[in-house]
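Two complexes come next, and they have one chain in common, chain A, joined by chain B in the first and chain C in the second.
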Partner chain A sequence: MTDTEAAADVPTPGRPQPSGPPASRWSALVARVRRPGTPLGRHLRGLVIGAVIVIALLELVSPFRVSQITTLSYYVVACAGLTLLTGINGQISLGHGALMAVGGYTTALLLPAGLPFLVAILTGAVAAGIVGIIVGAAAAKLHGPYLAGATLALAVGLPGLALAFADTLGGEQGLTVDVPRPPAWFADAHFFLFGSDPSTTQYLAYIGALVAGLVLFLLANLHTSRYGRVWRAVRDDEVAAELAGLRLGRLRVLAFVVSAVCAGLAGGVLALATRLVAPSGFTIVLSLSLIAAVVIGGLGSLTGAVLGSAVIVFLPPLVTGLGARAGLSDVQAAELAPLTYGLVLVLVMIFAADGAAGLVRRLGGRLRRRQGPGTGPPRSGHDAAQESDDAARRTS
Partner chain B sequence: MQQFLDLTLSGLSQGAIYAAFALALVLIWRSTRVVNFAQGAMGMFTTYLALLAVDAGWSYWAALLLALGSGLLLGAFIERVVIRPVENGPELNPVIVTLGVFIALQALASLLFGAQYRSFPAPFGLTGLQAGSVNLAITPYGLFTIGAVLVTMIALVALFRFTDLGLRLRASAFNGEVSRLLGVPVGRMLTLGWALAAVVGSLSGLLIAGGELVWPAYMDPLIVYGFVAAVLGGLDSPAGAVIGGVAIGLALSYVSGYAGSEFAGLAALLILVAVLLVRPAGLFGRATVRKV
Partner chain C sequence: MTSAVHQPPAAGGPGAAPAFAVEDVTVRFGGLTALDAVSLELGAREVHGVIGPNGAGKTTLLNVCCGFQRPDSGTLSRAGRPLAALAPHQLVDLGIARTLQGVGLFRGLTALENVMVGADRHRRAGFLAALLGLPRAEADRRALAERARSALAEVGAADVADRLPAALPYPVRKRVALARALVAEPEILFLDEPAGGLGSDDIDELAGLIRRLAERATVVLVEHHMDLVMAVCDRITVLDFGRVIAVGDPAAVQDDPAVAAAYLGEESARGDEGGTA
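Up next is the complex of A and B:
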């Protein structure tokens, strides 16, 4: 429901806009939203449809599933940022777990000070962004394996800070997080719409879904904007990009900062959702599972980031259940999930480098061709060309 | 002064292990231009095999040979089966494949051998040597570690310098296409290069485990320290890897001793970033103009 408010923020011609730009620009914007083929209109429609689906799910499924959706939401936020960095700009990061830790710890430190949780989460995102500037500036000069190693060192080294400053950061035990109660206006609105009081779990899931929806919307626009285009140019051919007058270093740092801010937001939501931030929650395993998610989903695709996150969140209970039924102990069955996605990661790279999103796209293309030309949904030529270009590049 | 000496000595024996690990990374980097992030997990896996052998009543030395032999096979297998198909693709793909192998091997080890801490035997004493009345921080096992790494290095240098096989290995790493035209079986040489590197990696896994606890993630810090050592040495230079390893061993030993062990990881990160920003080719790397 809160997601739809974002859609409602977009002004309509009849609505007065006291502090907005001149009316002519608004009508141009409205025209862009209304025209079916424009990216902005498509993304807004996607946001609204996604919001309706998520709200329906959150109201209908069991509390356990609701908490899984919360988990999914912070994975989606982190993976969307990472896929922008790795898929669009071609910089790998094995250190996003550490950036999530920055966001999570900042949130956990600020909440007891009485700040509203949204302010705390946003501050966490800013803190992660600042770390991102530093890491990104160092990373901009590196490439491929060097960058992977440097960010791996970040993932292993940074949690050490929590032990070094155990007085403030809680050491090995970490910090517990007081989960915000649903405020009165939220409870009233929820009761008005669905006839029941929201549980704290549901409230957290709404926060997570709101953050994920907004991040996906903003990144989708960034993806199709000038920045998305120049980031891809930098990824594909450094020399050509530089000859065209692009400032490589600045663009790389910018991509890293955007990605780090997403990781920080994800860390903040994680802190609320798990009610605890501790070094054991931000290990190298977290960073690697983020990379696994974006690769399995399909590098460079936001749909892929969502699909990959869903694999990382919903696959473990599934295979753990299968393993337990096959007679493995609980501890052993819990290892089946990482085993599976480690193997899937290798297989995806060898056989389908564009991941699940690429698979879906190819299947869709085949279906459309079978139905004959002209029946597919209208798409802007620029966008379709760019996606198939991306896919071709990665499968070659 | 006593503390400084102690830290130096323990840093040297740790550094020998980092050197071995860095050497394994460098061997693979030279032949296939891949940084093998799965090296730690591979070493961990073979160390667990050695532990199983020791449990079954084998002597330490037989278990050591078993681990090195299985490392050889594992390295060859991984190069042939999963690295070969992605070798000529974009730069990121082999990195991601080795990460997948890393995740899968670690999970497989917890599945097969259990995730709990196990203690690993050491073939020599673990109490400090006496020099007169002063207790030194170097143990007989530490001396064995340094000796084992030195012997391995000398054997590798001999192999690469003085044998036909070494010449073929170097040729296929230097220029695959020309070597192939000259009749060198390049594919087989690359597999062999990975296998040799995996043996050295297994050795480092065994050495760091001796007298300590092993669990499926015990090699994780070593991946970072070994990588930092390899980059410090230039990633291209085996001698640089060894010197880099010893330097990192000493540096981390001083940091842990004087500032606290929780700063070791951060110190490694800072050293790495400093090296990459100031001298990206490392201390001993040939400075090549970066081809984009």
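Up next is the complex of A and C:
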């Protein structure tokens, strides 16, 4: 993602001339859509392409797969927020499962009050954001293992609140969530487009995908903006960042809050998707699998967060199924999933420290190079330095 | 050159407050006195050298000037205004920039992005504009990139804009770090061993650059490379064991017996080390 600045600074050739003939205006528009000149253009294009793919999937695959896509959507939301915090700003959090719980429980408590589910989910996100301010303010003063420990304590401790306030939060059993039915306008639109009524499962998946798409779009904007740049600067060198006038504490808290809001949104979608919020759904295992997804996908890359989430969501049922087919008992087969997690994580650390996203980038680069000239490897820094030296000597 | 558009600093006639002053600053690390009642006065557009043997307290002095080290006693002032409890993030607003001993680039950012961080105080768009990707944020990004490009060009590193620091040779990294400090358009620039690790061609070029910078800013040069110091500095402060042992123009400092003794002491110490090794 570090090449974004460079790519975006290339002046866009052939800007549409307001007075040009329609044909050239059209081709200029096509050119702009194919090669957007600004980050915003690229992100909008990604949003549209993603929406087309997701809609096609949701209409074509089985109900079981549709519900898996819903699961994927809340993992993507939480992991995108976490990669911003950990990969881009360099703060580790082992407590994002607990922040999801804040969002999930808030949503579950507000829905029976008759609030529209979107309002409930957004309120859950705000609640998680407020917790994020408090945790982030503490986190901004902590480093490495201390931060890991503090957020771990959050992950372990916060779900305990559900037991302490069993009357309102439902204790061990948790709270059941009434799933919103598809409203009439949605059903009509769906029928008009696809000739069938949407199932509730499909409706939930659309909600999840919408939230995930918007979150990815907004975080991509942040990532390519000044904030992405200074967050990475703070991550890489505190002293140099401070010399540049950056306020480390504020920037760290801001990253934590943005990340917590994402976790809260994810928790809200989880509440709708699983129809239940209970302490057992927000254990330390959830927090750790979020971190695993972010590392597997490639720290600091939003694409990586999506890929890593996909691994976390689709891999366990896959290996469990394979195990069962290979003649293992249910219990044994179920144990394969965490084992594969661990194995994948270790393999990623050894062979592709930049994760799945880095792997894809490198494969892409190799393909492009094989396709022909014009994209040769960049000149080495040394040559460039040599040249500038020569130039300077000539002028002096 | 951007000096044409740069505001000239207030004329520093006799009696005018110094652009920056350190008075009677003492810093102790446990039993060690790193700075002992050190004073330093910087005039407008002066190139001021700070030299001294290893461990003399040069970097500590810069740390005090930049708010990274709270002095145990003593005061700082900028253009006559006292600076109480200076914090690093206030530096840019005071028109102060600094390079670090070594390099200190952000390793995950390209050269251009590194310099853009240095230019960050020129941003206009806020968080919401960035979040929504509003044109304001994009205009900001382009403007900062533009500034960063011209700063890179000024230090002769325009063609490495899109490289990561790890892909650059050490001297080029130092140029990028210098550009990151310059791009903030400081009125006072602290350079901590900018010639460290450079070859003689690079050092000649650096000397030219420092002279050009002196047309629009005060430059404080902490350096071991004596030829460079003697060539570019208007005045020199010599530190030894945290104490100022000499202040004056290059010729006077060079002839000062106390300075010769300090460096001689260092050299004989080095000779001993070499002898025992």
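Here is the rule we go by: the second predicted complex is superposed on the first by the 337 of 396 C-alpha atoms of A that agree within 3 Å, B and C clash if a C-alpha of one lies under 4 Å from a C-alpha of the other, contacts with A are read in each partner's own complex, and residues count from 1 in each chain.
In this section, a contact is a pair of C-beta atoms (placed from the backbone, for glycine too) under 8 Å apart; a residue touches a chain by one contact, two chains touch by 3 or more.
Every value quoted in this text rests on a predicted model; they were computed, and no experiment measured them.
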item: Contacts of A:291 with chain B and chain C, given as first, second, both or neither; value: first
item: First, second, both or neither for A:239, with chain B first and chain C second; value: both
item: Chain B versus chain C as contact partner of A:247, first or second or both or neither; value: second
item: Chain B versus chain C as contact partner of A:154, first or second or both or neither; value: first
item: Which superposed partner A:39 touches (first chain B, second chain C, both, neither); value: second
item: Partner chain(s) touched by A:343 [first = chain B, second = chain C, both, neither]; value: first
item: Which superposed partner A:67 touches (first chain B, second chain C, both, neither); value: neither
item: Contacts of A:280 with chain B and chain C, given as first, second, both or neither; value: neither
item: Footprint overlap on chain A, where chain B in one structure and chain C in the other make contact; value: 239, 393, 396
item: Residues on chain C engaged by chain A in the complex (per definition of touch); value: 66, 68, 88-89, 91-93, 97-98, 100, 104-110, 112-114, 116-118, 120-121, 123, 125, 127, 130-133, 137-138, 140-142, 144-145, 156-164, 167-169, 171-172, 180-181, 184, 201-202, 205, 208
item: Parts of chain B lying in touch with chain A, wherever the complex brings them together; value: 29, 34-35, 37, 82, 85-86, 89-93, 95-97, 99-108, 110-111, 114-115, 220-221, 223-224, 227-228, 231, 260, 262-269, 272-273, 276-277, 280, 292
item: List of chain A residues in touch with chain B within their complex; value: 86, 90, 92, 94, 138, 141-146, 148-150, 152-154, 156-161, 163-164, 238-239, 284-285, 288, 291-292, 295, 328, 331-332, 335-339, 341-346, 349-350, 353, 393-394, 396
item: Of all residues in chain A, those that touch chain C in their complex; value: 2-3, 5-6, 8-9, 38-40, 43, 218, 221-222, 224-227, 229-230, 232-233, 235-237, 239-247, 254, 300, 378, 380-382, 384-385, 387-389, 391-393, 396
